[in-house]
Every structure is written in C-alpha cells, then in structure tokens.
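Next, two complexes with chain A in common: one pairs it with chain B, the other with chain C.
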Partner chain A sequence: MAAPAISLLLLFVAVPFLASIGFSLYNVRLGDPRDPSFMGLTQYVRILTDPDVSGQFLDALLHNLIFAAVVVPVQTALALALALLVKKNLPGMGVFRSLYFLPVVFPIALVAIIWRLILARGDQGLLNSALAFFSGGAFGSQDWLGSELTALASVIVLSIWQGCGFQMVILLAALQQVPPELYEAAELDRANGWQRFVHVTLPGVRTTLVFVALYTTILSLRVFDQIYVLAKSGGGLNEDATRTVMYEAVTAAFDENNIGRASAISVVFFLIVVVLSLIQRRVTTEKEG
Partner chain B sequence: MTIGTGLSLALLLSACSGDSESSGGEESDGAIEVWAHAGQAAESEALQSLVDEFNSSQEDVTAELTLIPEADYTSTIQSTSAEDLPEVMEMDAPTMASFVYDRKLIPLEDVVSADALDNRIGGVEESGTYNDATYAVGMFDVGLGLWGNKTLLDEAGIEAPTTADEAWTVDEFDTYVAELAEVAPSGKAIDLGEANGFAAEWGTFTTTPDIWSAGGTLMLDGEADGVLNSQENVDALERWASWKEFADPNTSGTAFPDGETALTWTGNWMYPTFSEALGEDLVLMPLPDFGQGTKAGHGSWQWGATPTAEGNTEAAGAFLDFLLSDDSINAMVEANAAVPGSTSALEQSELYGPDKPLELFADNLASACGSEDVTEECIAVARPVTPGYPTVTSAFGSALLAIWGGADVQDELDSAARAIDSDFADNDGYQND
Partner chain C sequence: MAQMTASNPKISRRELKSRIPHYAVLLVTGVLFLAPVAYMVAASLAPASDTLAGFTVFDVTQWGLHNYSGVASSLSSDSTGHLWRFFAVSFTVTVAVVGLGLIVNSMAAYALARLSWRGRAVALLAILLILIVPFEAVAVPMFYLYNDARNTLWIQILPFIGNALSIFLFYSFFTGIPRSIDEAARVDGAGPWRIFWQIIAPMSKPAYASVAILTFLTQWGSFLWPVLMISDPNLRPLPLQISVFAGQLPPAWGQVMAFGVLLVLPVIVVFLVFQRWFIEGVASSAVKG
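Coming up: the complex of A and B.
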C-alpha cells in the first residue's frame, strides 16, 4: 500500500539529498563534461571558515532568521485581523474578501516588479512621491531598496503584502467553524469583545494558527524569488543586506556554475532547518500538552 | 523537509551530463534545430522571418527556431548536456570560451564557407576565436556610447564631441553632468542603465570601458588579484558611483527618448527608438576618457554549431552561410541598428560609414583589442575570453551592485578578486582540455 508513496519520497527527497551530499564533496561544475575532482570537505570548510564565503553564508542565514522572526508573527496577526474583518456579514463583503486575496494569485516575481516601481529611488518612486506630497516636501527621497537600512524591511513588507491573503482565507475558514453558541454563551456571561476574542475565538482557531505559523516559517526559510528578481533585474536591491541562503545556493549553482558549493550550502542549510523544526515541534507540543 | 529538494533534483538532472556522444549526428534528413535568445521584439521578428525565408529558399534543409528568454538563455545552455543541444545555437560573445571548455561547440572552419569567414569584420572575427580556432560567427557587432539630447546640451551651453579624439575627459564629464542636471526636466542629467541591472551582464559590459580607459582591466594571465582590485579600477569605479546623484533610475524605461534626461549611456540597439523620438536632436558621443583614451565594449550575440551537428555539418553550414549573407545581415541590422558583421555589408550600410549617424561605432571597432592588452590607441575592447568568465562576471557584477549602493570600492573589488582566483584555482585555471 505504501509502496507508491515511499518510492516517490525516495525519488524526490532521499535520492536528491544523497546526491547533493555526494556533489558537495566534489568540484562539480554545471555543464562540464570532465570527471569532477574530489575536494573532500573543502566546500564545508569554506562555508564555515573562509572569510568571504562564510561571511556571505552567515549573513544569508541571519537574513533568513530576521525575515522569519518578523514575518511569522506579523503576517499571522495581520491575517487573523483581516479574517475577523471579512467574517462580518455586511453587504459587499465578497468584494473585500476577493481584494485581500488578490495578491496571492500573482506570482511573487510579478509582485517584486510591481513593488520595484513603488519603492524606486528618486522622486519618481510612487512611495517617495506620495510621502513628499503628504509631508509637503519635508520628507526627502529615500533609496528604499538600495539602502542597507531599509532593503530587508522593504522585502519583508512586500512579502507580507503578497502572502497575507492566503493565511487570511485559511483562518477565515477556521473562524467560521467556531460554534456561534459559544459566542452567545459568552455574551450571556457579559464577556466584552476582547474577552470573547481571547477566550472563545483564539482557542477555537488554535490548531489552525499553529499550522499557519509553521507554514509561514517554512516559506520564510526558503525566500528567494523576490530577492533574486529585485537584485538581478534592475531593482537595485542591496544584495549584501538581503541575500538569503537559497539565493546563495542558486547563484552559486547557476551564475557561477559551482554545483559543489551550492550542494554544500543546501546540506548545511538542511541540517539547520532540521534543528529549527525540532525546536519548533517541541515548543508547540509542550503547549498542547 | 522540502528545502533544497527541488534544487538538488535540478542539480542531479543537470549535472549528470555524460560524454558528448552526438545523437542526431547519423541522420542527415536535413532538419536542424536552432536556439536563439528572445531579445528586443524587432530583433526576434527579423530572425524568425530569416528562418522562414531560409526554409522556403531551398528544399534540403529545414531549420526549426526556438526562442528562449534572454535572462535565462545562458543558464539554459549551461544546464543542457551537449547531446541535448540543438545543431545550431546563438550565444553571447563572452560566454563562448566557457561553452568550448564544456565541449558544447565545434570549430567552424569546415562548417561555414571560407568566403563568409573571410568577409567578417575584425571585431566579429576576434569575438569568435578561441585557442586559434573559430567557434562562433556573428551577424553583427555592437557599439556602446554616450547619447545626447542636443536641445538640452545647447541649453546648458555644452558642445558634443563627435569623434573618439574629442572625447570629454572624466573631469569635464563630472562638470557637465552637474550642469545638465540643472536643465534636464527630470532634474537628472543621465540614464546610466541601472534599470537593466548592474549585477547582470549589462553591469560588466557598461562599466568595463571605464576601467580600461583608466588603465586597468579585469584579469591578466588568469589572475584577478592585483589586477581587478588595482588602484586604477578603484578610482574609476568611485567616479562611476559618484554619478548616482545625477543619474535617473529610469523606472518608466523611456526617460531619455521622452527628453527627461540630457544623456544616456547605452548601445546601438536603442538607436531606432531614440532617432524616432528625438530626430535631429539625437547626438552620439564617445564615452568619457579616464586618461588612457576613450574605450567602448564590443562582442555581441553570435552563432555556433554544437557536437549534435557532427555528421550533418552541411545542414548547419548551409544555415549559418545563409545568416552571414549580406541580405540576411542587412535585414537584421535594420531591426537592431548594430554594426554589420561583414565587410561588404558594412560598406553598403546607411548608418555606418563616413558622415553617417553611427560612424563612431564603426570607427571604434576598426581599432579593437582584447582585454589583456589594452593600449591607448585601441578603442573597442572585448571582455575576457576565458572559460571562467561566468564567475568573473558574476563576482564583478555583485561588486558593481554593492558599489552603486554605496559600498567601499576597494573592499568589494578585493573580495571579487578573491572569489575569481579561488574559482580558477579549483579548476586548474581552466587550462585542461
């Protein structure tokens, strides 16, 4: 019975993973017909100790963690707030639900192109001209994507804008499952709005919230597309302030043809992600217990 | 965990390319596949109609054209194994050596007719040669220059140089961009092409003339340390980054043709758009001189045959000969305003030649040289011809993006030089055949 599932898992998870461990020990070049030479642990030593390579790798890891630390709570909270808003039975609510869900339909690469126009440096950027208009010119033009200080924050904002609607829909479904009798009972007990939210709504959608947070964490760890698009196709994104681990792996493999290093990065990152998921699992199961 | 799985699988599939046994070699039914990049619409349309014309002009060979988006073109070729490549493919000039090293190109001396090879202009011949053999033939070569809006230049009282000898010095250029920013409607003097992405190949193509003109270069004898991070290069790129305050980010894509900026720093392929928008107001100038004379890039899209074509080289040769005919070249350069790649087509050109609008580009190419021996006299310089070029341009492009963002030039170039040298050391300097 389990044979098809196991064979697919082997083919798409185990084999590629074992292959990348193998590649990481050799100097494998993309497209090179020569037999790759054995390098041992050189790629790993470089990733962990060489000032250039490891500097970039650790920066990338840090950016992933910052991204996750901000996006997971903010996006989940925002999605819950939106879900509560669009749950109300008002005329025309379908329109709002569709509007909030709309960004999810766009591929993130397209979203990056749109936000590139919003965040463009100089007076032509939509955000800069809007800020200048409302502040009467007091607020000078910022280089949102190019500046070290705002580059990662800009990516975070556009990612939340794109991803929020999806979590909203999942949470909306969960909210609609909370029995109305519980709210009626709470009202009879003279619970105010906040108390109903904390004692009825939150426990009612708890498992869904945990799922949404886990799912967002996984997405934040593999963030790549928007950064690649903004850095490589003229967005002027500050690469040093926003590189992520996936970005490092993909550029090593496909811009520098260095499959060996890309594989080593993937293997190290795999181990880090395993540790993070074990921690997260322990924390969430303890709460449930 | 799914992280990295997709990547690893892609790597698994792509890195398992075996030895280059040609699969379609035996059959000589006359059908060949052709891959090309989908660049500007006019260029792709011109190519498609040339292929149609070739197919209807004779009955022996049928060419089937596949267009691949420009941004993914090089990595597509890179990750396709030699036996899966089409018989004939296009490639950007600086990637040629890397494809030869990967055994994805065959020498063309016995494929293309001797007449067509002899008829090539110097720049095209140089871009197609590696290890003393011809691996690529081009229908055209490119020019990079400074384009001006005459009305705005006149308003600022600045005269435009027309020949390479009269090029502005970089100090004059500094003064003029500041003055032109005052008169330009957008408040910015120039579009330096940052919307094309300095981290991509455009960055290397557009900034190397600055460092060559300053007396520097990218690599010498397979070494980047001490060359790429030389004082000349640091000074030149500091200048380049200092123009950012006068540079229009060109988010609309039409800042210069709309008359919003006074100058733009780009290639011949924009000429049809510019001349239609500005007419008599359009002037073409050499790039600023950093001390060793004005320089410009060259080397463009060119054609080669792969090991798949072995055994059927006549069909590939017939197609390439057709592309290199003056009629085909004329049709193509009408679409992209490039410098015609054959001497006979260049002589008939309406754009290039004495007193014609793009005379400067053809003159630049007449004195072309390689990046290892840049002299004061040579103007058009080719990017380094080495199989390690993908790493060179990737490391240099990342450095450019950071420098444009305000990072320390010396630090960035030092780290790019270390990345390049480490990659060359890993691969024995790309010397093994």
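Coming up: the complex of A and C.
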C-alpha cells in the first residue's frame, strides 16, 4: 500500500539528492561529450574561496541572511499583531481575517509582477506617486528595485505582504488556545493591556512563536521565485544586491551549464536547512513533551 | 450580545467606544493589504496608458474589458502559446498532482500507521528525513537527471505526487483514529484495503480536505521547476507564462494584469468556497510539519 508513494519519493527526492552529492564532486555539464572528470571537493573550495566565483555565492548567502534577519522578526511581529487584531469575535471579523490572508493565495510570481509595477521607477509608479502626493511633492521619485540600497528591501516588503497571512493564521490558532481564565485572572489583578500581553499572551504562544520564526527562517533560505521574476522578466531588479543561494544554483545550472557547481551550492543549501530543521524539530518536540 | 445590550447599556456604550479605534486599525491595515490586489484589478480594467500613471489607474470612468480581450488575442498563436492552453496545462497538472497525491499518500500513511510489514520502521524514518529536504535542494540534480523529459506534461506531474508532508499529515490524522474501529471491521472479515477505503478514508475527510487545499495552493503557483524544465509555449503553466508575458517588449501591462486576475481567480474562488478548510489546512501543515 505504501509502495507507490515510497517509490515516487525515492525516484524524485532520494535519488536526486544523492546524485547532487555525486555531481558536486565532478565536472558535470549537460550535453558534454566528454565524461565528467573527478574534482574532489574543488567545487566547494571554489564557491567558498575562489575570488571569481565565491564573491557571488557569498553575496547570495549574505542576502539570504539579511532577508531572514529582517523578515523573521518583522513578519512574525506583524503576524502576531494581525492575529491579535482579528482574534476578538466582533462583527465583520471574518472579512478582515480573509482580507489579511488573501495574499497567501497569490502565486509569488504574480506578486512579483504586481509589485514591480507598484514600485516602478520615475513618477509613474503607484508608490512614487502616492509618496509625492502625501508629501506634497517633497519626496522625490525612487528607483526602488534598481537602487542598491532599496532593492533587497523592496523584495522583503513584497515577500512579507504575501507571507504574513500564513503566519497570522497559525498564531491565531495558538492565541485561541490560551485559556480565557488566565486573562480573567490578570484582569482581577488589575493588569493593563500591555501587562496582559507580556504576562499572559506571550508566554501562551511562546512555543508557536519560536516555531513560526524558525519556519520563516527556512522559507527565507528558499527564496527564489520573486528574485528570478524581477531580475529576468524586465523588472529592473538590481541583481547584484538581491541574488540568493537558490538563484545562484539555478543560474549556475541553467545559464552557465555548470551542474557540478550548482549541485555543490544545493548541497551547502541543504546542510544549512538541515541544521535549522533540527533546531526546529527540537523546539516542536519540547512543545509536545 | 443583544441581551447584554438591553440589560446593561452603559457597559455596551463603553465597549462600543473602545471598538472604534480597533476597527480603525483593522480598516487601515486592510486597505494596505488590499491595495496591491486593488491595483492589479484596476490596472486590468484601465487603458494601457494608465497602468503606470499614478492614481489615474483608479479612474473608473475609463475602465473596460479591453485588456481581457487583448490578452486572449495576444496569446492565440502557436509561437506565443494559447491562453486556453496555459490554463489547460495548469489545470491538468494541478488536478493530477492533487488527485493522485491524495490517493497515493493517504495509502502510504495508512500502511505506516496501521499495517505491520517488513521495513515499516525504516520507511517511517525515511519519510521523516525526506520531510526536511526542500524541493529546492533537489531541483538542480533533477534538472540534469530528467533532462530527456524536458517539455513534457508528465515531468510537471510525476515528481510532485509522492509528498512526504502529505504522508505526514495523513499519518498524524490516522494515528488519532481509535484502533478499535479497524479491529471491529477485521473481526467482520474485512481486509486492509476494504478497511481503508470503506471505513478509514471516509472518516478522514478533514485530512483529505486540508492536504488537497495545501497541495493545490503550492502546485498552482509552482514556478522553479517549470522554469528549469519547460520552454515549449504549449506546455507552460500559468505562473511561468505570466513571467514570460511580463518580460515581453514592449510589455502590455494592462494585459499582464488581466492575465494575473485570470490566474488568481480560480484560487480565490476555491479559497472563498472552502475558507474554513483552507485556514485549517494551512495552520495544521505548519504546526505539524
């Protein structure tokens, strides 16, 4: 009964994964008439230390880390705030819940295209016109996606917009499980809103918060679609300021036909994900135990 | 609530007053979250010259459906691909992945949760390990290994049917069903296939719904794999096609946004109809996964 699923997983996860370790040790290229030559760990040494290659790879890693360092706290805090806002059973709350969740159903490729227009440079872009309008023209037009300073920040904003509702739903489920008696007791102790938040709400959802944060960290490492769409589909994205690890892997495989290096990047990527997943698993087990 | 208002009007007035800032925050956040969606819809209806002209895009008097007929005629030759075909591809791939995935993964989960067979413990451990491997980590080696299958429909489907997360979600659901139910059926002479299809599966509708929705959402927006594997316009799924369409010169932004609306509409319809399952599915996937 388990055979079909297990054979599919072997064929499309286990075998490719083991193959990537193998490929990373060879000079593998598509359509190359010569047999791939063994290179040992050269691909790894190159992506980490060779000045010609490592610059882009380490930049990519850094962008993933910055992305995670901003998105994880900001998105988690925003999601918690939204969850608190829609927790109360007031009329119309269902509408707001759906509204904040709505971007989650948008494919990220589409999200990137919509935001590419909103962030368009010059005064034609919606954001630039809105800023000019509200500042009475004092705020000049920005090239949000093209400028080195704002390119990554722009990608971060559109990613948070798309992903926040997801975290909100998880945190909402956790908030609804905090026993109401705790809030009543806090009210009897004349705790104000902030004190109730710090002493009842936060401890009540602490494990879920940690879980959500780690989960978002892993998602931050996987970022690819929006960068690729914005950089390759005429989005004018500053590639050097935004390339990510997955973007590097795909361009190495696709544009440079260097399967060996792309596999080495995939393996490094996987090792980072494993470390984070192990931490995550520990946290979840603690939660259950 | 109505009773409380009648018996204690003073408290309710204070309560009402405290609700005003609450709703104000909800509304402002709601507008910010909805703005990009509203912009997409407005740009799909506005004349092409208004897409990148600040707030003019929201000028209702200029709206019409010309971008929708425009996108249908822009994408109606074999060199550009046909609009209906992109939908047919995405629809076929998504339905096949969701449908076959539900059957195959729930069967595997049942075998893991209930049947005793050689290698069960190993298989369970393997699933837990595979759960950590994100698709991104195997995309590059798969691109190499399955290169002969580029530009086919089946290579968009087959790799995504077996899914460790789906197996895991089914597994947790099945282990929550009392064993006495299986045993009663076994006493009546039912074999494992009958027990599963006639008793366990019908009892597990919430698990099927959650997994279906989650797979649907991921698959409908799938981008990385089609980027690597599909260049034939007649086999492109929607998210890949919109990025190609947006990258055309000169870009027809109004038509791109009309395409975007068409792309996301099926998901929004499914979301609105199955809202409760949607949110539960997302929450359970993340909390358990």
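Simple rule for what comes next: the second predicted complex is superposed on the first by the 251 of 289 C-alpha atoms of A that agree within 3 Å, B and C clash if a C-alpha of one lies under 4 Å from a C-alpha of the other, contacts with A are read in each partner's own complex, and residues count from 1 in each chain.
FYI, a contact is a pair of C-beta atoms (placed from the backbone, for glycine too) under 8 Å apart; a residue touches a chain by one contact, two chains touch by 3 or more.
Computed from a prediction, not measured in an experiment: that's the story for all the values here.
S.K.: So, on chain A, is it clash or fit between chain B and chain C?
M.R.: Once both complexes are aligned on chain A, chain B and chain C clash.
S.K.: Give one of first, second, both or neither to describe whether A:28 is in contact with chain B, with chain C, with both, or with none.
M.R.: Touch status of A:28: both partners.
S.K.: If you stack the two complexes on chain A, which partner ends up touching A:189: first (chain B), second (chain C), both, or neither?
M.R.: After superposing on A, A:189 lies clear of both chain B and chain C.
S.K.: What is the contact status of A:266 with respect to chain B (first) and chain C (second): first, second, both, or neither?
M.R.: A:266: touches chain B and chain C.
S.K.: Tell me which of chain B and chain C touches more residues of chain A.
M.R.: So, of the two partners, C touches more residues of chain A.
S.K.: Does chain B (first) or chain C (second) touch A:133, or do both, or does neither?
M.R.: After superposing on A, A:133 lies in contact with chain C but is clear of chain B.
S.K.: Touch check for A:5: first (chain B), second (chain C), both, or neither?
M.R.: A:5 contacts chain C only, not chain B.
S.K.: Touching A:232 in the superposition: chain B (first), chain C (second), both, neither?
M.R.: Touch status of A:232: both partners.
S.K.: Does chain B (first) or chain C (second) touch A:16, or do both, or does neither?
M.R.: In the superposition, A:16 contacts both chain B and chain C.
S.K.: Which chain A residues contact chain B in one complex and chain C in the other?
M.R.: 12-13, 15-17, 19-20, 23, 28, 30, 116-117, 120, 122-125, 218, 222, 232-235, 246, 249-250, 253-254, 259, 262-263, 266-267, 269-270, 273-274, 277
S.K.: Mind pulling up the chain A residues that touch chain B in the complex?
M.R.: Interface residues on the chain A side: 12-13, 15-17, 19-20, 23, 27-34, 39, 52, 116-117, 120-125, 143, 146-148, 218, 221-222, 231-236, 238-240, 246, 249-251, 253-259, 262-263, 266-267, 269-270, 273-274, 277.
S.K.: Taking the touch rule as given, give the residues of chain B at its contact with chain A in the complex, in rising order.
M.R.: Touch list, chain B to chain A: 1-5, 7-9, 11-12, 14-15, 17-20, 71, 75, 77-82, 98, 101-104, 186-188, 194-200, 248-249, 251-252, 390-391, 394-395, 398, 401-402, 404-407, 415, 418-419, 422-423, 426-427, 432.
S.K.: In their complex, what parts of chain C are in touch with chain A?
M.R.: On the chain C side, the touching residues are 19, 22-23, 25-26, 29-30, 33-34, 36-37, 39-40, 43, 51-55, 57, 104-105, 107-108, 110-112, 115, 117, 123, 126-127, 130, 132-134, 136-145, 147, 158-164, 167, 192-193, 196, 217, 220-221, 223-224, 227-228, 238-240, 242-244, 246-247, 249, 251, 253, 256-257, 260, 263-264, 267-268, 271-272, 275, 278-279, 282-283, 286-287.
S.K.: Residues of chain A touching chain C in their complex?
M.R.: On the chain A side, the touching residues are 1-2, 4-9, 11-17, 19-20, 23, 28, 30, 82, 85-86, 88, 90, 92, 96-118, 120, 122-126, 128-130, 133, 161, 166, 169-170, 172-173, 208, 211-212, 215, 218, 222, 224-225, 228-229, 232-235, 246, 249-250, 252-254, 259, 262-263, 265-267, 269-270, 273-274, 277.
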